[in-house]
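The same chain A turns up in both complexes below, where it pairs with chain B and then with chain C.
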Partner chain A sequence: MRQRAQGKSPLRRAIDVGLIGSIPALLLALVGMVDAFSNRYLLEESVSTGQVMLAVVALIVGYLAARRISLPAQTVATKIGYGAVAGLMVGLVLALLLFIGEVVGINLRKVLVNASPALYEILAFNQAPAVGMLLLALMGTLLGALGGALFVMPARLRSAIITGITVIILLALLRDIVKLVFQQYEPTTALYRFLFTPNGGLTKIGLLLAFLLPAAADYVWSAGRPTLDRRYHALPDGTQKSVRWVGLAVAFILLLLFPTIFGRFPSEAMNNVILLGIMMGLGLNIVVGFAGMLDLGYVGFFAIGAYTMALLTSPQVGGGMNFWTALPFSLLASMIAGIILGIPVLKMRGDYLAIVTLGFGEIIRVLVLSDALRPWFYGAPGITGVPAPNVGGMLLNNPETLYYLLIAVMGLTLFISLRLRDSRLGRAWMAVREDEDVAEAMGINLVVTKLMAFATGATMAGLGGAIFAAKLGSIVPQTFNLLISVNALAVIIIGGMGSVPGVVVGALLLIGLPEVLREFAEYRLWVYGALLVAMMLFKPEGFWPDEGHRRELTEHDPEETPQAPGPADPPLPPGTVRDRAAVARADIRATHTEDEAGLDE
Partner chain B sequence: MTLTERLRRLDVTTVIMWIIGGLLLFFIVLGSIQSILKGTYTPAQWFDFFVFGISQGSIYALIALGYTMVYGILKMINFAHGEVFMMGALTTYFLADEMNRRGVFDDKGALGPTLLSTLFGLIVLFAVAIFISMTVAVLLERVAYRPLRGAPRLVPLITAIGASFFLQYTARGLYGSNNRSYPNVDLLKGTVTFGQFSIQVVQIVVAVTAIAMMIGLYLFVQRTKTGKAILAVAEDKQAAALMGIDVDRTIVITFALGGAMAGVAAILYAIMFRQAHFFMGFIPGIKAFTAAVLGGIGNIPGAMLGGLFLGIFESLGPTLFLDGLGINSPNQLKDVIAFTMLVLILIFRPTGIIGERLSEKKA
Partner chain C sequence: MALLEIENLHTYYGNIHALKGISLEVEKGEVVCLIGSNGAGKSTTLKTVSGLIRPRQGTIRFEGEEVIFLPAHEIARGGVVHVPEGRRCFAQLSVEENLELGAYSRNDKAAIREDLAHVYELFPRLKERRKQYSGTLSGGEQQMLAMGRGLMARPRVLLLDEPSMGLAPVLVDQIFEVIKTLHDEGTTILLVEQNAHMALQVADRGYVIQTGEIVLSDDAKALQHNEMIQRVYLGLA
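After this line comes the complex of A and B, so read on.
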């Protein structure tokens, strides 16, 4: 495969990169995402986020083409040229779609439901098809060239430009929140009118400012950071500590003021982030991240917590307890369920475990849904009338007040997670994760350790479920589907398995963003799936990795990688990012084998 | 070893598991006896359940082959294999629908006599579904699994889960989320009667096709050079590479074969249940996996037996075990039976029904 690729001319390879890169662009268009986002404008009424999505693909393709193909000795123009060629291919493929659908007039819609006239209009920039095709090719070339240029320019400038582009896209995506926040106060409303058009797109000046300010800030920051770092570390230890405390205190105060500053809708979004993202993520992180057992039936414990809460409190089913008295029962029920599930799967290996837990989650849902158990669980209609949690005499029945309960509970789970991670038990979990047999030989009781992981994780999920039931006021069995487990899994994978701060980052990204992006709902799992694959391929340690885990995940076991008979990897141009990563990995691999050899003697 | 010593060595978890297992067995036997004594169902009805179980099970078995072969060679569960099946069924629907409109499957006989034109139509559908499923399976291997070969176990597993969701929602985005109903093939409508027992033609066709495919695959793997290469790579990748076998190519072929079987299963499922939608791969996927484990994962004849066994068990189970215990609408609990069975097998006999041969070799 690689041999053949080497034989090709660089131009052919640029074309290949472009053609492969056009697949994601085509998919984005044909699954309907481009069309769905066409009402979110980026610039006035002309550029929509749907188009920007395709543009970003072309940009990345251009960058990758320049990175993969060009040699350091080549001129800047050649490198940019490769990017342009690859970008052109993306444009041409999209133009071909337009040609088939609009010019030839084949009704693709019979099969591909999203190949609609609306999509063609977006692709053609609202022009006639022929003009649109030309524009597509042109834009593809330009964006590809820009991607190539990004590769050529110095890293600091590149980082600044990427920051600027990211901020613009985020502003367009988050327009509802942005609007809400700005319009809370008089002076900011005026500013909003200056920067944004009524439909939420940026004005030309707004766009320029939104790009230049963050870009400039990034540029200055990356210049000043080393000095700042040095100065900070030169401070005496006590001062460093107090600086950190001040930082934490400011963050905490901001967190407390969140509902006051942002109002109801963002508070509700934040509540979901905390409940479904952070709390569920932290719980699953203990099982998957710390102890290394892939549990896909996590939603089962969430359901048990929620049902216990609902059955005990809802007057409709003769409950009548209040939130706080029912809560311990919820936790207990899910903890026991965790142990009960834990016992049979103790001896199972990773992949079997995943399927069995998946089956367990489904069993719980099917049982609750079934007519057979209807007298106890009330079947498909679910249970309504679950009272909201109360503090003193006050009912926490709106997002703003519930927020404080959630913050408190989140703080508690974060604290528990962090303390567990550094405890003896936490280290035992990680030892089991790295190597079960060795851990057992070192005197770790596998049964107790694994069951503790299951029980702790399940209890956290039960806590989440209990609050979930009280928050919504009613529960239906269909809520508790695999999606919740996959959400939590995606959160910890994005953040970095086993990393506690990573869970927070992952939750904000994966739960927070969709909360405020209504169009996104339909494509959520599509994107999650792609993200899971992409993360495992390119960044298995996550965006905010836990130090110890990072190496374990990137390091390939030399024994299990049989090298197919063939020529060795061709030498890469020195100095490229890939090259350095490869050298680092080879180093790790080398030390690893040495260690093993030492053991054998 | 004396009895007391053995008792002392027993750990608590094992005891708990045996108790749970024993209880389940007790209820199964009790339920079965009561169901049979109650006599709500006639022998003909029991026979119906049984035949339905066989044809459903043979579809599971075909899908299970994909799991088992990939597991045998890569020691990983191709979690997205259910989606390979779904892609085959859903994509081919559009062709089937078009053919149906032109009268390929009914007595209008656009292509000559009904028998010939139906046969032609079905063969084309099989070919297209096989092609699509094979392509998806091979792409999956190339894009998602090959770069991760040799990575820690959890990594390809998570990739597979991600790929599964990605494929599901790609299908939903491309083809829409509605339930597509496959055409009703005229020739497959009737029933064959023997005395008081009758079998639907479609069930016979499904079971016979599936079993023929399985025998074909078995012979292919055992007799041809490529098949032997697959066995060799499954045994020991490095040694196989040293013997001049192209490991990468063999793995691709394995995925392609699994995909082809899933493609056949897709059309069989489509003519039997006459529907296709983007989520259809999930449950059959898990069931097929259960079948593979049941037969001993990595073992090709095992997957076939496991599939048939699971199909029959699932079709008879709800009425046989649960109805007698006085449980309402037992058919809703069909999936629970399959999953419980999976858990029980993994606990009590992880090598599957005929797994000894495999475990001896690999241990």
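After this line comes the complex of A and C, so read on.
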């Protein structure tokens, strides 16, 4: 690819980048996202977040074009020019869509249902088609040039601008929540009125402030950070430790005040993040991340925990226990299920294991759904009347109070995960993940080790399921579908395989964002897919990777100091066969170094 | 009674008859090498001894006790430690973590620390790189790590599978130096090698394996001078 591209003129390559970049822009428009986001405004009631999406695409295309094509020796204007050309292509392709749909009048809706008049209006900036097309080309060029400029400017400034842009887009997207939160108190209500227009997005001053303040903060922070880091590391060890503890304490207090500060809706969103993201992610992380066994039927254990809880507590099905008496049974049931599933799959690896566990998850759902088992599991209508958890006579039946239970349970599972990771058992899991045969030859009992992973993971899922049932008050079989397993797995992948903090980050991103953007939930899977593909391309180790994975997938160990070539390690003679994995890793490293070098220019 | 006695061992891969009645013995404190060409069944023998593959027939006695029905991890705990072909370090763990995993089945912390120090003494290179992730080590270093990891288990018998494979000549010499040192320290070693020349130099005795059968066994010295060995394995006239 690269070689062939060398032969083309830079202009031609800029055009190519622009044309490729216009594909995501077209896609965003034609899957209906642009239209769906058209009534969330960025600025007053003129610029919608749907348009912003397309603008961001043009911006990125401009940046990439400048990065890929320009040579260090070229002038700033040339570099920006490449960006502008690429951006122009994005604009032109969108203009072409407008032309075909509005001017020529071909009805694309027969195939592309979202190519609606509403979309054309947005694309044309509510002007006549011809004017719209001109505007599109113009905007594309401008944004592409801006992207090119982003590439040319110093890294600190770029980072500041990107921060500013991210903040305003988030504010615009999350307007409804910001409104809810701000309107709880007098002073913040005033602030809200100052920042936002009553029906649209940010006011002009609001936009400016929301952009400038975070950007300035980012700029100052990136300037001051090395000094801060140095000072921090110059502190005696004891003081460093206390600084960390103070930091943790502040974070903990903020976490406790969360429902008070943010109110009901964000608390509910947070509850789902903790329950479906963090707790499920942590549990699955033990099986997949630590022990390396790909389990796609994780929802099965979640369902077992939930059904045990419901059957034992709901008065409608003759339960009658309270939450806390039923909880141990839920945990036990899911743990036993974990072991039962574990035994037959002990000898399986990789894809085979994935398929079998996938089947297990479905079996559980089909069983509770089945008419034959209706006398026990109550079939499709599910079970209602599950009482909320109680603490000292108080029912935790609203998001704010339930939040505290979830925080406590999350703390517990986090603690267990971290301790397990550093334990003897954790080491054994990692050895099994890396190489089963060698692990066995080291005296690790594969059967016990694998079953422990399944049992621990399943118990955590059961805990999640039990709380889930009590939280919703009713359960139906169809809730427990494959998507819950996929969610948990995606959380781990996005966060970073085997990384405990990664699970938290992944959960906030993958469960949190869709929670607060509920009205766009239909695009959730779309965004999932896009995010996963992007992750695998640009950050295969995840957002907050486990050390080992990061080292393997990125550059050399920073602690490794270049040493004088000792007698122990002479350069390999040409043609020496090295193991394939090492060569592959070296390749990965090479690609990364190249990317990073590009970024640093 | 020899420390490790293997009698009439038959191992199959599906329908392929890989070991056709192997018998061999390793005395305590001995270094015994098993030489043979590619596919002769050298590695299969080691894998069968360490329990990673089940034989169809035969006996393996370790310290006089039948171990053939024990699972691999129990054989390892008994002191039969296998250093597999191709290093196979735990790439995402650090050098030290790899070594600690070698001592997985032991609980004597003080002795483990001693052994760790000893391994670092044998392989100073590993000490320099103890915090480094083993996936980033060079081939030679990985071989050292694999051997060190095996030694951390305090083997009663160490099964070394092709320690010199794919290494530069200087490194091969180093690895064999270490095998000599281990021999002097009294470690019992069953060594599998394609590099017959080097193997016969460090070994006390040797077995020659061809297509799953032992065709020759003698003192290492004698084997070195054996006409067939010289022709087939040592490349001498």
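Rule of thumb we're sticking to: the second predicted complex is superposed on the first by the 548 of 601 C-alpha atoms of A that agree within 3 Å, B and C clash if a C-alpha of one lies under 4 Å from a C-alpha of the other, contacts with A are read in each partner's own complex, and residues count from 1 in each chain.
The rule is short, and it goes like this: contacts are C-beta pairs under 8 Å (C-beta built on N, C-alpha and C of every residue); 3 or more make two chains touch, one makes a residue touch a chain.
Here the structure is a predicted model, which is why all the values come from computation and not from measurement.
*Asks:* Which of the two partners, first being chain B and second being chain C, lies in contact with A:Y352: first, second, both, or neither?
*Replies:* So A:Y352 only meets chain B here.
*Asks:* Which of the two partners, first being chain B and second being chain C, lies in contact with A:G443: first, second, both, or neither?
*Replies:* Touch status of A:G443: second partner only.
*Asks:* Answer with first, second, both or neither: which of chain B and chain C does A:F360 touch in the superposed model?
*Replies:* First partner only.
*Asks:* Is the number of chain A residues in contact higher for chain B or for chain C?
*Replies:* B
*Asks:* With the two structures laid over each other on chain A, which partner does A:A431 touch: chain B (first), chain C (second), both, or neither?
*Replies:* second
*Asks:* With both complexes superposed on chain A, which partner does A:L108 reach: first (chain B), second (chain C), both or neither?
*Replies:* It touches nothing on chain B or chain C.
*Asks:* Residue overlap on chain A between the chain B contact set and the chain C contact set?
*Replies:* 447, 552, 556-557, 560, 563
*Asks:* So in the complex, which bits of chain C are touching chain A?
*Replies:* Its residues touching chain A are 50-52, 71-74, 76-77, 81-82, 84, 86-88, 90-94, 97, 100-102, 104-105, 124-125, 128-129, 131-133, 135-136, 138-141, 149, 153, 166, 168, 170-171, 174.
*Asks:* Within their complex, state which residues of chain B touch chain A.
*Replies:* Going by the criterion above, the answer is residues 11, 13, 16-17, 20, 76-77, 79, 94, 143-144, 147-159, 161-170, 172-176, 237-238, 241, 244, 246-248, 286, 289, 293, 322, 327-330, 332-333, 335-336, 339-340, 342-343, 346-347, 350.
*Asks:* In the complex formed with chain C, which residues of chain A make contact?
*Replies:* Contacts found on chain A: 424, 427-428, 430-431, 433-435, 437-447, 546-549, 551-552, 556-557, 559-560, 563, 566-570, 572-573, 576-579, 581-582, 585.
*Asks:* Contact residues on chain A for chain B in the complex?
*Replies:* Touch residues, chain A against chain B: 1, 27, 30-33, 110-114, 288, 292, 294, 296, 343-352, 354-356, 358-360, 362-363, 366-367, 369-372, 374, 447, 486, 489, 493, 497, 523, 525-526, 528-533, 535-537, 540, 552-553, 556-558, 560-565.
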